[in-house]
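After the structure tokens below, expect a handful of questions from me.
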């Protein structure tokens, strides 16, 4: 069963697990509240127009959910799982909100220094490891090679990067390179780690 | 053209590049001298029996070299390139020698603090990135997930791991897991990073 | 674009082409009338329970139609194309009806000797060629090797086989072999061609 | 283990089986005598220049033999098996000789009508079935679709086609299409079956 949430198949499985027999709007609401908490910002919303557009044209994801359903990897009706997935893909955030939401990954799992724990230290390390090895589609290795930070890219042109113990960074620029990652965002992060020495591979 | 030296195809291409029109024994000698220099130990030798055994039974590598030759990715006669490759696979080293040879990757490319530069800082970071993403065959992601260090595993049961700025570590235990990596060596490194916090993904 | 109607992807594309902007029930009705004409039997019907069951559980075909839609290979909404496909899969026929419907493939494209033309002689040959090379899923080569007749197998356990100029044969036995073809049906056809010399590969 | 002699991997396995512990020249001699017998022509020879050229540049076949050796599918040293293979690929024949050598496949396994049996009737049918489904590399289905005869194509531009009970046909024209089959030879055979009705798929 695909379990890696940084690739589409795993993201759908995780959406299906989060659904857990509830109505899609319940699961979506819970996810939205979690993001607002992480970013410390209650103005974060879901862009319904984006969610609807995905639902109308996301044939590849519809195919993927049904294919996994045929293997028993999806528990709910595929259209319900897809409803959760398309809405979580439509959470609209600013760079500041996204960077704030990533703080717990730089703080070893804590919300902030001295704050409550969001996930265990081990889980924070493992999420960072998955982001570094799988966060940039087929160019994940290239991002590790050039930038050297755990990072998750989205087709909207945003990238969240984590420098453990140092920073949570969000960049956004909608022009994508051939691998579907932000072209300028990637270059900006490469220059940032070159200038700061924040690469996890530097001494 | 495969260029990643941490997978067999790329390792053969790099052996072919190092051959550079010379006799295989010249390229092998140069490589051996480089390893002796890195490890600061002139007693390192090539185990001729291992090299001969590989040459007699390494049908997969022979297939791979000939397949790449058909694509023009190998410049020399495949048997010459394979000669270099099988001999470099037969360099015999102790854990101490292997760890010493890896110091330049923990020191940002320097031989030792205050010493001469072996490779640039950028190249040291990039080698570490390749080791983390590709150093453990099909279990490279698993090693990153559990151990969190750049590391290169060999079928002999050895693993070289780098904690940038902190340590170069060599472990050896010949029992391999299903992915061809040292079973106990991997567990030892997992405990080490758990105990020390040296994972590159920890704050 | 997949165009081979003897594999699922192509069958869906052909169903989509037959739909041609009409209501699914129109396309389904036309197909049913064609089958009744070929078999000379107006009692042939669609088993609605089978069609509904397919629609409720055919996740692989739903995935396939949506995947092709993402590539622009399906013109209609996937659920409409799938509606046509699931109904044509649910046409219920006896062995006699199926064999009668296949006569035009043994008669070089004619409905019957001296009768009207259904398809051109070239098209009849080409349909037979596709049946022989692709009519038994991953075991198509095995069927050609052992039986030596153009034949189309279905997961319901039926097989239509054509001995050009000699016979149109239908067999049915619901027990399937590992490749999803009728186990006893295949054996019966192997014995038939052994006994009659009807293999297209025999002198 | 690959066993289909009409694809390279299987052809190498069959060459290895024919070698059977003998010297390569013994196996090659036996094969040559068999071809001379089939074609009723003792002037057929092996073109040593072609065999040597293949041996010097056939890196893909060398790779394939070594890869199968790694799986235990080749019994002899790969260079011996390859020696047999490269020489059998270098048998030089005219169209007339090739067509004569194929007669037993049109005569149900007999050398000629009333003559001795070369292979059983079942084996002749099965060889024809393999030729039809696998005789033209990735374009085997296309050849069945357009020509409708069992046929084996070679990269030298020759094609042997069998019309069971009617003819053994050899064509040669060195210009190859994108799939590595004789362009004009294929067209000639398509016209021949159109004109004669010899397609195995015609009534």
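Lettered A, B, C and D in written order, each chain numbered from 1.
Just so we're on the same page, a contact is a pair of C-beta atoms (placed from the backbone, for glycine too) under 8 Å apart; a residue touches a chain by one contact, two chains touch by 3 or more.
Please read these numbers as outputs of a predicted model, since none were measured by experiment.
Student: Show me the overlap between the contact partners of chain A and those of chain B.
Tutor: none
Student: How many angstrom lie between the centres of chain A and chain D, each centre taken as the mean Cα position?
Tutor: Taking the mean C-alpha position of each chain, the two centres sit 56 Å apart.
Student: When the C-alpha atoms of chain A and chain C are each averaged to a single point, how far apart are the two points in Å?
Tutor: Measuring from centre to centre gives 45 Å for this pair.
Student: Return the distance between the CA-based centres of chain C and chain D, expressed in whole Å.
Tutor: It comes to 33 Å between the two C-alpha centres.
Student: At least two other chains touched by the same residue of chain A: list those residues.
Tutor: There are none in chain A.
Student: Sort the chain contact graph into one of these: line, ring, star, complete or other.
Tutor: ring
Student: Residues of chain A touching chain C in their complex?
Tutor: Residue list for chain A touching chain C: 59-60, 62-67, 69-70, 78.
Student: Looking at the complex, which residues from chain D come into contact with chain C?
Tutor: 106-108, 121-122, 124-126, 128-130, 132-134, 140-141, 144-146, 148, 150, 164-165, 194, 199-203
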